[in-house]
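What follows is a set of notes on a single structure, which appears directly below.
Chain nomenclature is as follows: A, B, C and D, assigned in order of appearance, with residue numbering initiated at 1 for each chain independently.
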Amino acid sequence: MNIHEYQAKEIIRGFGVPIPPGEIATTPEQAETIAKKYGTAVMVKAQVHAGGRGKAGGVKFCKTATDAKEKATAILGMQIKGLTVEKVLVTVAADIGSEAYVGIIVDRATKKPVFMVSAAGGIDIEQVAAETPDKILYVPVDVRYGLPMYDAMRMGFFLYSDLKLVRAAAKIMQQLYAAFMASGCSLAEINPLVVTPTGEMLAVDGKMVIDDNELDRLPNIAALRDESSEAPSEVAARHANLTFIKLDGDVGCVVNGAGLAMATMDLVKYYGGDPANFLDIGGSSNPEKVVNALKIITADPNVKAILFNIFGGITRTDDVANGIVTATKANPLKVPIVIRLTGTNEEIAMKILTENGFTASSDMDEAVQKAVALAKGGKAA
Amino acid sequence: MSIFIDKNTKVVVQGITGRDGSFHSKQMMEYGTKVVAGVTPGKGGQKFEEQVPVFNTVADAVAATGANCSVIYVPPPFAADAIMEAAASGVQFIVCITEGVPVLDMTKVYPFVKERGVRLLGPNCPGLITPGESKVGIIPGRICTPGNVGVVSRSGTLTYEVVYQLTRAGIGQTTCVGIGGDPINGTNFIDCLAAFEKDPNTKAVAMMGEIGGTDEQEAATFVKEHMTKPVVGFIAGQTAPPGRRMGHAGAIISGSAGTAAEKIEAFQAAGIGVAKRPMDFVELIKARLK
Amino acid sequence: MNIHEYQAKEIIRGFGVPIPPGEIATTPEQAETIAKKYGTAVMVKAQVHAGGRGKAGGVKFCKTATDAKEKATAILGMQIKGLTVEKVLVTVAADIGSEAYVGIIVDRATKKPVFMVSAAGGIDIEQVAAETPDKILYVPVDVRYGLPMYDAMRMGFFLYSDLKLVRAAAKIMQQLYAAFMASGCSLAEINPLVVTPTGEMLAVDGKMVIDDNELDRLPNIAALRDESSEAPSEVAARHANLTFIKLDGDVGCVVNGAGLAMATMDLVKYYGGDPANFLDIGGSSNPEKVVNALKIITADPNVKAILFNIFGGITRTDDVANGIVTATKANPLKVPIVIRLTGTNEEIAMKILTENGFTASSDMDEAVQKAVALAKGGKAA
Amino acid sequence: MSIFIDKNTKVVVQGITGRDGSFHSKQMMEYGTKVVAGVTPGKGGQKFEEQVPVFNTVADAVAATGANCSVIYVPPPFAADAIMEAAASGVQFIVCITEGVPVLDMTKVYPFVKERGVRLLGPNCPGLITPGESKVGIIPGRICTPGNVGVVSRSGTLTYEVVYQLTRAGIGQTTCVGIGGDPINGTNFIDCLAAFEKDPNTKAVAMMGEIGGTDEQEAATFVKEHMTKPVVGFIAGQTAPPGRRMGHAGAIISGSAGTAAEKIEAFQAAGIGVAKRPMDFVELIKARLK
């Protein structure tokens, strides 16, 4: 789950990381009021779940409150990578002496959270990694021991030479690490970590991505989700416990398991078709899930054919069959459906489908070809 | 011969009385797996299906039955603790089926298991099956048949698909292993490839990867440097748009490492046969078994 | 450092462990008022740093508030193992269904905190360990992982069979462990852990011993020290950063290092003398420490001779010599002193002592014999 | 020959610019110890005594100088971190002099060091000395002389006392080791006894224990089962009243295990010569060296 900059900064502030004062505005007038209150130059920053906000014109420096109102007018409602800006953060503009990058990700290779720090802050860390890898220090953290002070100091010395700054940075590393662990992050970033000309250290931008699997046990973090900033179909899918990603094609795919779902999409492409979505109904399916999946898929006007590809393991194919029957009884389909089912309780599933007028095969290749042909307006082969 | 499990493997089921646990315990027992014990706190002393003794703790189960393998069906918030309990109890092989285990839990579980020299398969995996002998997990038994191809995959249902194709074409398997798609898991491709290389019955290996991470590239290097047996591979997610998550956490494309194109290239460079479709495994494996 | 029962219980309550309501009284009237407020039977419990309070009559059940006043009158001012009772805890008397013992100590052998739990609660655990060792379950905790739920549940199952009680106990184990770690304990105990006839679980008595080395970083815990319940000479020694334990003999010993101090006491005994104390001035001594050591020793009227045995390593013997000179100038000694010094800066130390009219040897055996003889009223050999 | 350190040991001093660190660094250098580096955060680039380079981190010091041993003089709140830093930096032997390290810190440090296969001596110990070659820590050099007796002790100044007696009697030492008296320390009696048994130059061992714990009893068992060389032992605290703390945490009598009487009995049962006074070591060792 993505959370907004202002939310991430609020979290790390709770762990002691210094951030510039700031408030959220949803109207230009609010932005003006906030800027007036601070009585100093501010930044107006679009709060959307997309990188490259600056380049897209979503982050502006404002000398005056009037200026802040104008810039907020321009930014609110702006589209950045397909997402509408609904909120801006109005925050005191920091004097920048130097900018560093500090980030933590969970690394697959070391199986640990890994710090990445660089004195080349303020820019995209992937660019730094690609162009000047020496400028990044990687420090893996063994969660059993936490982040030891000596490693925090090592990162501090990598960024600064003045002992006062080294210690301040080391403290921020430990605070960021604590925030990362307590918030169930898969990524946490401060970029830039600024040292002002007077030697103050400030997290001027912050980012966090939360592991979805943590949300059940972290209700305060889960409550930060901003559904207004997500695609409605993906919100609906999540509510139904489905993983759904909308794509541009016309073959609606309902598959169980991410690997098989991707392989199904690949096969649709292989046979000249175009998948309309990625949709994984996951394991432990129940009929309700299938009903919801069909609702989401049929809501997409681009979909010309629906392809079920279910290989039952923990998923019971009879549950899926029942779901199809229930859903289509309530809302008869307007596009053709191709069903491929095999695995757990396959015989029962086939019986259910046949009794309700559906045909189903147990061959994936055949089913994909059929769905592609139907989407193209042809008949099933 | 086979890898990791065989007909003598004695299995304790953690979460045996839950919805999934009870369903799949029955399936395992029907398949012939030696399910010697179950664990559900508070149900110690009962019998599952009038036959398998249930214990309050894994330690009790191991002490009473000599179980040497555990399979876990408990809900995600309890999975990390269940894995550690199993590892501390003396079983040598743990299969965690549970999906949705927080990744940070695994950063702690992984060293716990490693320190004890215990093998963990998963989490978020379908388990494994040695056809005709034993299955531990949820891979449907009827799609498999004994033979001499080793199967290893990051995906659950995609594994079934390929195994199903192989079986229909008369190509049997030594062991089919689903390693799971989570960012941190206990057993990786290389662990399985090394085991298949050592297993005298395995004559060829089918390997199914996915976009995300670099496990497949490292596996390719391993195949090139250490394997004498032929390997055929597949990568799911060739058409996935970059940067989007495709279901489980295993499928994030991060930077330049992890695209399907890179992985396929690594396979080709290592002399691994590349299947374009899941069904292509049949012909590619057949050609290599001759 | 020892803390009182009521303080230990307050700490574990902060971590969620249920305890019966209670308050501290220093007068019988206060005890009566508290008991009246609860309007139910109470226990009046002496708060002293000594085991065996119950046997000594320091713990009484009181049916009424008047009863509480009477019992408090008897207990306040009572001596238990040489300590005067200054405070009593007046706490609601719990109905007892069953009693268990739960404790954690830091174990030298496993180098871990180890839980000890037993369904034979309410009595001395050392007795249980000696007589019925099977009734104790030991569970070491790897602090890198904390107390896992499965180990907490294992202990729960060892104590109870009802799953509700097992879960409640497991939760209390985790809370007690958290309190133990956060408070820098070397021991934490709940004894008894009571289940009431209605199935409620309560920590009826609690005990904690704090590692002295933790106190600097745990000011809230350090603040719990009750100096009124400690021997004045030991309080003075601690303020001077000395380790001092009063004994019954007449040879006052000032030694650096615990091992050498004990060996010196042993040698005093070996030569027929009796040590008046254990006193370790520790490493990194400075003259001030020696001055304080002499003050404490000379305050004991039993002391007939003073023996210094200093082997300089990190302790500089010149610091010790300077301390002796300073202290004796300010307060001339009334008993003979025998000084043995060797090691770091020995030559300087000897010069300082000689210039100030002291004689000193570098032989421990000789010095001890001399001190023993002097304490007996004889001359130095 | 010697144990743990010799003339080639390259030492980095953590806390080299502090009061104790600088004093004892000079003493070590005067004794001939190869002090190759110092560490004090923020003083990287400076020189100690115009000769020893100072670094900000142990990693830097090891990279620049190849130090293989670290000695720690930092204050107690930072000692645990200093030990872990040293262990993570690649040195193979760490000596922690610092007194007053919280025991719970050590419950974490101990497995950290073990996992890396690094030897820790201490904390709260005087260090060790191989007379004529190298001293690491605070044992006064002039009380030692080269020879063939190994010395190991839980106490600091008591060690000095015994070594001093031996030296005055003309009995030299291979290595004198103070293991420290804290409840949790890195190296115990058995570690040292095993090393002395293996060291060809060591012909006899003097061992000084204390009341509290069961280390001496376990050491006695080790002597009986594994040692061919004669051992003479002493227990301090024979007259200590039971149940009272005598200075450091090593000296708690807990239950029936840990009294001086028990330990002396264990020594006698293992054929260890028992010194009644510290000065008795001289005659007992002499008799065994003949």
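Everything below uses one rule, namely that contacts are C-beta pairs under 8 Å (C-beta built on N, C-alpha and C of every residue); 3 or more make two chains touch, one makes a residue touch a chain.
It should be emphasised that the depicted structure is a prediction, and the values quoted were computed from it without experimental measurement.
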{"item": "Given chain B and chain D, the chains that contact each of them", "value": "A, C"}
{"item": "Between B-C and A-B, the pair joined by more C-beta contacts", "value": "A-B"}
{"item": "Mean-CA-position distance for chain D and chain A (Å)", "value": "55"}
{"item": "Intercentroid distance (Cα basis), chain B paired with chain A, Å", "value": "28"}
{"item": "Shared interface positions of chain C, touching two or more other chains", "value": "144-145"}
{"item": "Chain D: positions in contact with at least two other chains", "value": "108"}
{"item": "Pairwise touch network: line, ring, star, complete, or other", "value": "other"}
{"item": "Chain pairs in mutual contact under the definition given at the outset", "value": "A-B, A-C, A-D, B-C, C-D"}
{"item": "Chain A to chain C touching residues, read off their complex", "value": "144-145"}
{"item": "Chain C residues touching chain B - in the complex, by the definition given at the top", "value": "145, 148-151, 153-154, 157, 163, 166"}
{"item": "Interface residues, chain B side, partner chain C - complex", "value": "41-42, 44, 56-59, 78, 81-82, 84-85, 88, 108, 112"}
{"item": "Sites on chain D touched by chain C in the complex", "value": "19-20, 24, 76-77, 97, 99-104, 106-108, 110-111, 126, 138-140, 143, 153-161, 164, 181, 183-184, 208, 210-211, 213-215, 234, 236-241, 244-251, 255-256, 276-279"}
{"item": "Footprint of chain D on chain C - complex, ascending", "value": "106, 108-109, 111-113, 126, 129-130, 142-144, 181, 184-186, 211, 213-214, 216-217, 243, 245, 247, 255-263, 265-270, 275, 278, 280, 282-284, 310-315, 342-344, 364-365"}
